[in-house]
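Structure record follows, encoded as structure tokens.
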Amino acid sequence: MNLFKRYFAGRSEAQEEMLGWPEGDENSRTLFWRRFKRHKLAVAGLVVIGILTLCAIFAPFITAYKPTTVTDSFGAAPSLQHWLGTDQVGRDQLSRLIYAARVSLAVGLGSIVISAVIGTVLGLISGYFGGWIDSIIMRLTDIFMSFPYIMLILVVASIVGPGLTNIILILGVLGWPGVARLVRGNVLSAKENDYVKAGRVLGFSSGRIIFSHILPNVVAPILVYATSGVAGAILDEAALSFLGLGVQPPTPSWGNMLASAQSLTVLTSQPWLWVPPGLMIILIVLSINFVGDALRDALDPKNNK
Amino acid sequence: MHNPKDPAVPLQPLLALENLKKYYPVRKGIINHTVDHVKAVDGVDLTIYPGETLGLVGESGSGKSTIAKLIVGLETPTEGRILFDGQDISRLSPREMIGLRSELQIVFQDPYSSLNPRKRVGDLLAEPLKVHRIMPAKDISREVDRLLELVGLPKNSRGRYPHEFSGGQRQRVGIARALSLKPRLVVCDEPVSALDVSIQAQILNLLKELQRELGLTYLFIAHGLGAVKYVSDRIAVMYSGKIVETGKVDEIFREPKHEYTRTLLDASPIADPRQRNKRRAFHSH
Amino acid sequence: MFKYVIRRLLIAIPVLLGVTVINFIIMKMAPGNPVDMLISPQTPAAALEAKRIELGLDAPAYVQYWSWFTHLLRGDLGYSMVTYEPVGRMIFDRLGPTLLLMGTSLIIGVAIAIPLGILSARRQYSKLDYAAVTGSFLGISIPNFFLGLGLIYVFSLWLKILPSSGMSTLGGNGGFVDILLHLIMPVIVLTANVAGRNIRYVRSSMLEILEQDYLRTARAKGLKETLVINRHAVRNALIPIVTVLGMEIPILFGGAVVIEQIFSWPGIGQLTMSSIMSRDYSTIMGLNLLAAVIVILANLLTDIAYALVDPRIKYSK
């Protein structure tokens, strides 16, 4: 009892040391940047992505030709007029290369937004409510994940037909199971937190608890996943277009520009037609993957350096 | 039972648990059939009177936390009734429960897990007020200040995030949040066992002060007798899902009837030398 | 353990059923129907209708599904709409080359990824580590088909030392060396993928283990560093890797589609592509089903392997 009496004396204001608030929110943001910046390649990747995005947005202002304009030379080697030569139809290769960045970025971002939204909502519901809702949603993801991804995409693409919008929709609608599983797993651990239980005791609706309390706490893994998802979607679009089931000429896409290399003449004697688009795909996908890796590292709560 | 404050007036209990049971199924085998039950709470009767603090003591796994969850509606009982102010609240739908939310609140054990790390303290305290539309929006800010003052936190706490606070300060935020809806009964689920010993006393004092000022009723859960003894009027001892003994604090300490209570008494340090002597005397009999 | 396997198999049943339902829905969604394919345009409308009834295409969808499903249970995948061959036989003939391609790539890829990942983790921040990690990033960032084209350009067209297509030389004897030469380039492409995905995974798994206390204890006990690494770290680091291998199977399947197309490898992937191009939906469905069965089996085997390697896991619940 004497132990307590010591504290009885004054009014029980918070007598604990109040000095030095550890870290404000601005600080945690600078902390994030500091960790991110340690990855030199990721910073470089961010710059590359930025430049490519600007090129894609301002494509009409920086290209000398329209991507569909047929010029006077056919399959010509690089020259002063056509820095990267022209294709067999006579279109300027550099202009097409720049315009194609639009396709890749649109597919990458568009499809991942769709699958992230579907996957996040299903994952949140599945993880939060559990029970039979969870079983149904998880069996559904099992089913979707049992199809080899590319095969399913090819089949659906052959049914709904090719085209940019369709590709975005297909990749988006078929890409959610991974997100759903990831979100569900994170929700399962997040909902064990007492703040979620406190929300229920305080009479908050399930919707408020899920979207206002749980979701902000599972955003980091979704962001990391989505980053690698963008890279994956860009590769998938390229493969689909390469196989002739994706974006159709005359709309330029790096994938369908590479498809021309399936002809032996192009492959052997016109490397300017297929090497640049291939390198562009590697450049953007590599940049995004570097950024994704740095994000994973910088957002890791275990990492406090 | 009579009013603990004034023995002459018989009193209606604020909360009464009647034959409360909570069984968790144990599933096994290929088709997941239920083979057995874990009887977390196995036929508990308990009454809490307005204005008193009932200490509920038991080791971990004894079912005391399950009782807390049952009372505040985080779990549904397998059997039995939970009467709040005479009304059975054990099987209310979430919608029916909303009105009662303000009456029954809980303070959690772990102040690190009980505050959403992504929300500022001010928002944490304002949210229940907004959701239940307790007051016009313009008054909410002042109410948040009042709540912070009530639990002894500086006003500038409202713009800060939980991770900027120490464990004890966080627990004050948790208490302020529980009080934001002006509850009559607060379930304190081991509110100090995650804190440093020196800070435990501050939080216990705060709880006692708040009880005096606001006329609160507490169900105070703990695994040892130390803190419970300090804050409680009566004590209930729980052992493997059942209440084995109930009584006033000094009765329990003077004449523990159940063997398990005696074990608990032996385990808890006694700060008061007179008490210690008494216990020695008791044991030497 | 036995119970666990049974349970997993039982869970796989609804998943497989779901796969067949989705398969069927895709088949129904597909433009055109088999009758249009089977009969020439001159056939009178009445005959067409008779054929439709004969094939059961006038029945409600669930009846059609049931008929398709019962055939499936008897191992009958139907007939190709293009070549009229039994789908089961077509797939069976193509299975060997694909399994050869996938199996070789998987084994080599893992054989590269595990030692490189472990070395990379042990010498974190060394030149080797940077090289391995960068290589691993390249492996996942280079499109399969671009790498394939590049290899053909260098080895077949320029150096002229490797055959660029098929599984054996036309008119050749199809001997071991011949197949091996044809196998090199497609395997390099798929291996780059497998290794790329797994080097970083092995590395981070190993790094995590190296941080843990029991390794320090082992060192403190005076055990030799190599012994510590071999006996304690590697075994534990490999446990999570087992699960990742299961996930490689569907990815490899997808990769095979593109790679077999480029190298004209006579496997499942090429069959998939050609049936998609000719809208041969009955063959596509057969292929999808086969792929799904393989994926589910691979997942099951992975989980069993996981249980066997990791003594902590008990599947009793």
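To keep things simple, chains are lettered A, B and C as they appear, and every chain counts its residues starting from 1.
Definition applied: a residue touches a chain if its C-beta (ideal position, glycine included) is under 8 Å from a C-beta of that chain, and two chains touch if they have at least 3 such contacts.
Which protein is which chain? UniProt says A = Peptide ABC transporter permease; B = ABC transporter ATP-binding protein; C = Oligopeptide transport system permease protein AppB.
Please read these numbers as outputs of a predicted model, since none were measured by experiment.
**Student:** Nearest chain to the global Cα centroid?
**Tutor:** Closest to the centre of all protein C-alpha atoms: chain A.
**Student:** From the C-alpha centres, identify the chain that is farthest from chain C.
**Tutor:** B
**Student:** Between chain A and chain C, what's the gap in Å when you average each chain's C-alpha atoms?
**Tutor:** Between these chains, centre-to-centre, one finds 24 Å.
**Student:** How many angstrom lie between the centres of chain A and chain B, each centre taken as the mean Cα position?
**Tutor:** Here chain A and chain B have centroids separated by 46 Å.
**Student:** CA centre of chain B versus CA centre of chain C: separation in Å?
**Tutor:** Their C-alpha centroids are separated by 55 Å.
**Student:** Would you please write down the residue numbers of chain A that are in contact with two or more other chains?
**Tutor:** As it turns out, chain A has no residue touching two or more other chains.
**Student:** If you look only at chain A, which of its residues touch chain C in the complex?
**Tutor:** Result: residues 41, 139-140, 142-143, 145-152, 154-156, 158-159, 231, 235, 238-239, 242-245, 255, 258, 261-262, 267-268, 271, 274, 278, 281-282, 285-286, 289-290, 293 of chain A touch chain C.
**Student:** Under the touch definition given earlier, write down the residues of chain B that touch chain A in their complex.
**Tutor:** 69, 72-74, 97-98, 101-102, 104-106, 108-110, 113-119, 127-128, 131-132, 152-154, 160-161, 163-164, 166, 168-169, 172, 174, 177, 180-181, 198-199, 201-202, 204-206, 209, 230, 271-272
**Student:** Chain A touches which residues of chain C in the complex?
**Tutor:** It comes out as residues 14-16, 18-19, 22, 26, 29-31, 134, 137-138, 140-146, 149-150, 152-153, 157, 250-251, 253-255, 257-258, 261-262, 272-273, 276-277, 279, 284, 287-288, 291-292, 295-296.
**Student:** Would you pull the chain A residues touching chain B in the complex into a rising list?
**Tutor:** Contacts found on chain A: 1-4, 6-8, 11-18, 21-25, 192-195, 197-198, 200-205, 208, 213, 216-217.
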